[in-house]
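Below, chain A partners chain B and then partners chain C, in two separate complexes.
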Partner chain A sequence: MAMDAISSPETASTGRAGTDPSRRGSRPSPRLLEGKTRLIDLKAEGQPNLWLLGGALCIAIVMILSLVLLVLWNGLATFWPKPIAVVTLTDGSLVAGEPSRTASFRVGQEVLATLPPEAQAEIAANGGYASRTLYRTGNFDLYGDDFRWVADFQARAKEFPRDMVLFERQEWGVFVGRIASFVRDGRTVPVTDPWADEVRQAHRVARDRFLQIRSIQRVEIGEVNHYLESERLRLRRAALQYSEGSRELEAARARFVEREAFYQRQFEELSARAQALMREHEAETVTLVEIGGRERVQPLGTIVRFYPANDVNLLQKLGIYGSRWFEFLTDEPREANTEGGILPALFGTVALTLLLVVFVTPFGVITAIYLREYAKQGRLVSAVRVSVNNLAGVPSIVYGVFGVGFFAYTVGGSIDALFFPEKLPSPTFGTGGLLWASLTLALLTVPVVIVASEEALAAVPRSMREGSLACGASKWQTIRYIVLPRALPGIMTGVILAMARGAGEVAPLMLVGVVKLAPELPIDGFFPFIHLERSFMHLGFHIFDVGFQSRNSEAGKPMVYTTTLLLIFLILVMNLTAITIRNRLKRKFAGSQF
Partner chain B sequence: MPDTMLASPAEEFPPTEYHVRVGGRGEAVEIMEFNLWYGTKQALFDNTLSIQAGLVTALIGPSGCGKSTLLRSLNRMNDLIDGLRISGTIKVEGEDIYAPGADVIAIRKRMGMVFQKPNPFPMSIFENVAYPLRVDGVRDKALVQETVERSLRGAALWDEVKDRLDDSALGLSGGQQQRLCIARAIAGSPEVLLMDEPCSALDPIATAKIEELIDELRGQFTIVIVTHNMQQAARVSDNTAFMYLGRVVEYGDTDTIFTKPKSPRTQDYITGRFG
Partner chain C sequence: MKMVLLAGIAAVALSSHAFAQAIQIDPQLPNYTPVSGISGSLKSVGSDTMNNLMTLWAEGFLAMYPNVRIEIEGKGSSTAPPALIAGTSQFGPMSREMNQRERDAFQQRFGYPPAVIRGGIDSLAVYVHKDNPIRCLTMQQVDAIFSKTRRGGHPTDITTWGQLGLTGEWANRPISLYGRNSASGTYGYFKEVALFRGDYKDQVKEQPGSSTVVQGVASDRFAIGYSGIGYKTADVRAVPLASKPGETCYDATVENAVAGDYPLARFLYVYTNANPNQQMDPLRREFIRFIFSRQGQEATIKDGYFPITRAIAEDDMKAMGLSFAGN
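For the complex of A and B:
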C-alpha cells in the first residue's frame, strides 16, 4: 500500500516497528532453537482429519488426471502414421493392416481341436488363453469389414514390406495395398515407388480437379440454386398476397419466368463445366492392389492422401501428422463422420457457446439485479430464489423437450406463419436450429448466472452504494456506475461456469437442432449472412454419433478421442479467455480493501 | 451501520433546556422536534437544533447515542433502511426536506457526505471526483476538468495526485482516499458538508491533515461533523452538540461546552466519567 504522503519513511518505519515487534530484527523462532525435529502429532496440532481431506483430494486429482491423460494420449496418437504389417497365416493367406491393439482371449474348444499339438500345449500352459491382435485392414469395399482379429497361433510370419501403401480415400475408408499403375492422358503408367514425383504430381493435379468439381457443385451451383429459390419464394409471396389475375401477380409471374430462364442458363453452363471436369476426373484412374492380389480401380482424385507406411522417415511422418490435423480442423467430415474434418462441428460448438453467453448474461444479470436490488426481500423472493436454485437440478433433457415444444414449435411456428408464409409447409424457424438451441442452453444455465450474480451484487460494500447515493446519484445510476462494475468479476465467474456447462451439454441439443451432418454452416455469403435458424453440428453430439451410431465403432474410436480432445481444449481456451478477462477486472479493483 | 439506540425511559431526559443561541451567518439547517424510529424502536427523541451557516458543528456523545442517525437524517440516507419512520421537520435553507413531494436526489446533491471509512469508487482519481457531475449529466469537458481541479485543491490533494489523475483511486493511501472523498463531496458544490467520523479509520498524521482541511473549508461550507474524539471536536468545531440516548442534551459554542457545561451529563462525558 502506498504510504501517506506526509509521513516520512522514518516515521513510518519506526511506527511500524513499534506496533509489530515480530518484525524487529531476526529473532529465531523457539522451534529452531530446540535443534531437533520431532514427529508432529496430528491430533495435537488439531488436524486429525488432515489425511482424510488430503486423501480425498488425491483421489480426485488421480481420477481427473487419468481421464485427461487417456484422452490426451489417444487423441494425440490417432493421426500419427503407423506401420503396416503383413501377416502370413498358417493356411498360407496374407493379411495386411495397421496393428491396432492386442488382447488375450479364451480359445474355444472347436478351434482348439483344429490346432497342432504344440500350439494346443502352449494355450493350455496359458490357462486356455491366447493372444490376438486387431489389424486395421481397410478395404471395406472388398472385405466388407475394416478390422480383423488375428490370433497369434494363426500367424506364421509377420513382416513390414516397404512397398505397402496406406491410401486414405474420399469414400470407403482406407485402402491397404500396393499401387500398381495410374492412367494419365490416356496411357497407363506403372508405379514402382509410391514416393515418385510422377505419381505425386499426377495425384496433386487429380486432387485439385476433384476439389474444383466439388467447389462448382457446392458453391457455384449452390449459389444459383439459392437465387432461384428466392425467386420462387418471391413468386409464392406474391401469390399469397395478391388475388389471382391481379396486375401485381402477373408482373411477379413474368419476372419469375424471366429470372428462372436466366438462372437455368447459368446452371447449365456450370453443370457443363463440372461434367467436363468429371469426365477427366473419371478417366484418370489409379489401380490399387490389395495384399491378396485383388484389384480396385478408382479415380486418382478420390484419394485424399497416400504414403508407404513402412518407408516414411520422421520428417515425412510429421508432415502426414500435420496435414491430418489440418484436414481435421479445417475440412468437412466424410465417411459418416468417421474420417475427414470436424470444422462444421467446431464452428457450431463455438457459435452455440458464444450465443449462449450473449443470451444468458443479460438475462441472468437483469434477474439478479431485480432480485437483489429492487425486490422487497420477503417470502416471495425467497421462494423465487429457491426455485431458481432448483432449476439447476432439472435434467437437461427436460430443457430440450421444453426448447423444442416452446421455442421451436410455438415461437418458431408463429414466426414462420407471420414472416415466412411462402416457405410453408417447410419450416424456417419452426424447427430446431442454432437460435433455439442457444436459447434452450441459456435457460438451462441461467440459474448459475443468477446465483453468482446475486452473490456478487450482495458483496458490493454498502459504503460504495452510500457514497454514490450521497453524491446525488439515483438508484439506477448507483447500480449502473458503481455496483455493476464492482460486481463484474463475480458475474463473470457465473458466466464462465454457465459457459463450461453449456459447451459440454449434448442431450437437450439433440432435440433442438443438432444434426449428424449439417449441409450448410450458420454463416455464409448470402443475406443476412448469419442464419440462426439453421441446424448445426456440435462436437459433443459428434462424439456420440461417431462413437455409437456409426457403421463400425472400432473405425470411429480414434475420431472419438480426437474430437473429445478438441472439445476439452476448446472449453479450456474459452474458459481461460474468460478467466483472463475476469482477472484483469479484478486487478482493477485490487487494493479496495482498506 | 447506523448507531443503534439504547432504549431508556423517556422521563429520565431533561428537555433541551441547555440550548443557547449560537452566533453565525444565520441558520443553514434547522431541525425541529425530530423523532425517528427504526421499526418500533425509537432512536431519536424530539431533537431540536439549528445549525449555523458557514460554521463547523460537532455532534459528540457516547456510542449509540444517535449522532450518526441524526447526521444521516440530514441528507435522508436513512431512507435506505427498511421500516424507518420519522416525525418532525428538518429544514435546509428554509426548505423542508421531509415534505411529501421533496426530491431526495436534489436534497442529497445539496449535502456532500464523507463517511467513516474512505469509500472511493473503483475508478480513476479523476472520475471519482467528477462523479457528482457525471450523475448530473454534465457533458462540458472543460467544466468537469475545472471542477475536479478546484475540488482536489480544496481537499488539499491536488499536489499529491495531479500527475496520476488517471490511476485507480484504490491505490491511494487511507488518508489520501479520505481526502479524495472530501474532494468528491465538495465537487457537487453542496451547501452543507456532512462528515460521519471522518478520521476514525485514519492514523494520527492523516487525521491531522483532515482536521487542517476542515479548518480550511470553514466558511465555504456549513460543516456538520460527528466525532468520538472530544479533542477533535474541541479543535475543529465552532459549535458542539452533546447527544445522549437519542436526545440533544446540550448545544452551544464549543468553548462553553468544553469549559463550562451546563448539564451534569455533559460534564460527566467530557471529563471522561462515562461514554
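For the complex of A and C:
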C-alpha cells in the first residue's frame, strides 16, 4: 500500500504529460490514457479500500446500534403502565384489556360472508384487509386465556373508563376489572375510588402481613427445618458408620429422638404463629369484578400492586414504573418465571462470572509465565501453544459435556461417596452446580487468558529484565517485581475478554448446573455460608427459558427484552470495572518507568 | 336487527372459545395441609412440556416448606429415565409413558419398576394460524399431513391446504409443518398416536420447545404444528379432531379429554423411585401428596392442563404405598 501511495504522483504526472497537445498523434488517444491513469490513481490512493472499510464499519455500527436500541426500547417500555381499553363488541359483549399490538390481516371468505354489507364494503375498499388489535385481558382464572384479538369490524365502541383497575396478583397473573369492596375487621367496605386512602391503607397492611407470613415461613421455620434435617443426616451417618445394635448407634438414635422433639416444639410454635396470621390474611378479602360482571374474591394480601390504569398522572406512572423495576431486580420469580423478579438469576450470573475470573486468572497466568519465561522454546512448547489456540475453537457444548462427565459425575461423585454418604442417593456435588459450572467456563476461556498473558509478557522490554538481572535479582525476582507488574494491564485485557465470553455463554451451562428454578441463593446463614454445590439460575438461560418455554409466549416476550437489557447492562458494568482497574494499573506503572 | 344478529354470529365464530368457563377441580380432592420437619432438596429432570407445571408445583410446595430446595431441569422426556436411574434426580416428569426399554433399564438397576404419578391431563393440540378457516381434521388427515408412511390409511399424501378442502387463497398454498425435536415426549406421543407409529416427513421443522412450535405457527399463516394445549396463545387456533372419517370432531376441552372423545388426550406422568420394601422419605411423600391435592391440581389448571380426579390419585398413591390420610 505504501509503495502504491508513493508511486502514484509519478503515474499521475506521466498521465498529464500525455495530454500535452504537441505530442498528439504519436501517442494513444489522451482520453483513453487519462481514463486509465485515473483508474490507477484511485486504486493507488487506496480510495476503494477506504470506502470498503468505512462502509463495513458503518454497517457494523448500525447493526449494533439498532439491536441495542431495539432491546432498550422494548426492555425499558415493558414496565411502563399502559391504559386499559374497554371495547364493546357488535354482539354487545365487552372486552377489557391493555392494547398490546395492532396488525392488519386479510379477512377470510368465511368470516366476510357473515359480516353486514357496510363492513364488507369497507374491507373491500381496503383491498380485503382489516386491522385488529391484541388485548391483554388477563383474568386467566376466569377466562382460560389471557390475550384476545379483536378485529376493528367486531368493535362497536372503544373507551377508557376511569375506574378500570389493573391488579398484579401473586398468582394467576394480572386481573383487569373493577374493585367492588374489601373486608376489614369483619365488615365489608365498598370501594368507589381505587385511589382512596382506606383501600391503599388496607392493602399496605395486608401486604405487610403477607410478607411477614412469608418471612416466618422462610427464615424462622426454615432455620428449624434446617437443623432438623441436619439431625436426620447425623443419624443416617451414624447408621452407616456403626453396626446395628451398637452403643454408638443407640446413642445417636436417642439423641435424634430428643432433638427432634425439641425442634418439633419450635416448629409447632412458629407454625401456630404463621397460621394465626394466615387466618387474618385469608379473612381480609377483596372482591374484584371483571368487565362481564363475574366476581373473584381473594385475600387482599395476594395483590402485589394495583392502579386505575386510565387515571394515573405522570408522577404516579413513574412511581409504578420504579416499583416494578425494584421488584424485578430484588424479588424472586413467580408463576414459572414469567412474573416477579430475577434476583436469583442476576446473582447466579454475577457469582458465576466472578468465580470464573478467580479460577481462570491464576491458571492462565501461571501457564503463560512458564511457557514464556521458563520453558525452552522448542517443538514441544510450539505444540502446546497450537493446542491452546485450538482449544479456543472447540464448540462450547463440548466443554459442557466434559464438565458434566468429568467434574460432576466423576469428581463430584467421588466427593459425595467420601464426604456425604448420608445424603445419597441425593447427590451433593455429584450433579451440576455453581462450582462445576465456573470450572467448566474457566476451561472454556483459559486459552484467551494464556494467549493475552503471553503477549503481555513478551512485550516487556528486554532491557528492563537485563537491568534487573544485572542488579543481582534472581530470575523469579525479576519476573515477580519487574516483568509481571508491567505485563499486568495486558493480562487484565485477557481476563476482561474471558469474562465477557463467559458471562454470555449459555450452552455448556445447561449441562453443568443452570436450572429453570432455583430461588435459593448460593449464599445463606447456614454453615459453610457459601454453597458452591447448588444449582443456580442464569440470565442467559432465563432469556431462553422465558422466550421459548413459557406457557404464554406472548406474555413472556416483554420479560425477554427486559432480561436481555439487564444482561447487557451487567456485562457492560463488569467490563467497565475491569477496564477502570486496568487503566489505573497502567498509570501506576507508566509513572515509575525511567 | 338481522344485521346485528349476523354480526353476532361472526363474533362468536371468531372468538371460538375465548371466555371459556374456568375448569373445575374434583371437589373430593383434599386440601393440602403441611406437616412438620420437611426439608432437603429435590431435583426433577425430564419433560420440557411439563417444565412449567413442575415449576408451579415447586412454587406451591415451597410456599409451605420454605426450606426445601427444588431444582428443575427440563430438556425432554427422554432425559428423565437416565437421571432417575443414575440417581441424579428424584422426580422424572414425562409427557409420555416410559417405554419398555427404559422400564427394563430401571428394573435392572433397582430390582423394582419405577413408580408413576399421573399429575394431570394434557390434550395435545394441532395448531393452525388464527386466520386459518379449517374446521376439522380427522386423524387420518393429520397422519397424511405429518407422515411420509401414512400408516393411518389416508390414500394420498397431503401437502397443500386445498387438499383439506380450503378454497380461495389457501387452495394452492403448501402446508408448512412444525414439530418437536426427537428428545421430546410430545414427539414420541404424536408419532405413536397421530402417525400410527409411522415416520415424520423430512419437511417437519423440529423446534426445541413446546412454545417455539406455537410461535412458529403464529408467525406463518400457512403453518400447522402440534404442541400441548397449555401453550396456546391468541395467535393460534387448536383444530377440532375426529378419530375416524365421518365421526364428530371434538375440541380440545377438558370434558372431551376426560370422556376420551378427543383423540390426542394423554396423561402427564411424573416418575419416581419408590422402593416397595421401604418407606418413602418424607420429602418426596409430601411432594406427591401435594401434587394430588386441590392446590396441586390448581397449579395444573394454571398451566393450561386439565386436573385429574380423586380416583386416579388414589390408584397412584396406593401403588406407592401412600394414602391421603398422610402416610
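Simple rule for what comes next: the second predicted complex is superposed on the first by the 541 of 594 C-alpha atoms of A that agree within 3 Å, B and C clash if a C-alpha of one lies under 4 Å from a C-alpha of the other, contacts with A are read in each partner's own complex, and residues count from 1 in each chain.
Going forward, a residue touches a chain if its C-beta (ideal position, glycine included) is under 8 Å from a C-beta of that chain, and two chains touch if they have at least 3 such contacts.
Given the structure is predicted, the values throughout are model-derived calculations rather than measurements.
When the two structures are aligned on the shared chain, A:552 is found in touch with chain C, with no touch to chain B. In the superposition on chain A, A:476 contacts neither chain B nor chain C. Once the two complexes are laid over each other on the shared chain, residue contacts for A:171 go to chain C alone; chain B is not touched.
In the overlay built on the shared chain, the residue A:268 is in contact with chain C alone; chain B does not reach it. Once chain A of one complex is fitted onto chain A of the other, the partner contacts of A:140 are limited to chain C, with no touch recorded for chain B.
Counting residues of chain A touched by each partner, chain B versus chain C, the larger count belongs to C. Contacts of A:260 after superposition on the shared chain: chain C is touched, whereas chain B is not.
Within the superposed three-chain model, A:466 lies in touch with chain B and out of touch with chain C [touch as defined at top]. In the superposition on chain A, none of the residues of chain A is touched both by chain B in one structure and by chain C in the other. The part of chain A that touches chain B in the complex is made up of residues 1-7, 11, 15, 461, 463-474, 477, 481-482, 485-486, 588-592, 594.
Contact residues on chain C toward chain A in their complex (touch as defined above): 3-4, 6-15, 17-23, 34, 36-41, 43, 48, 51-52, 55-56, 58-59, 62-75, 86-88, 90, 130-131, 133, 167-169, 208-212, 214-215, 218, 230-235, 273, 302-304. Considering their complex, residues 75, 77, 80, 105-106, 108-109, 111-113, 115, 117-123, 131-132, 134-136, 160, 168, 170-177, 181, 184-185, 188, 201, 203, 205-206, 209 of chain B touch chain A. On chain A, the positions that touch chain C within their shared complex are 89-93, 105-106, 108-111, 114-117, 119, 134, 140-145, 147-149, 151, 154, 171-172, 214, 217-219, 221-223, 225-226, 228-229, 260, 263-264, 267-268, 271, 292, 334-337, 409, 424-427, 430-431, 510, 515-520, 534-535, 545, 548-554, 556.
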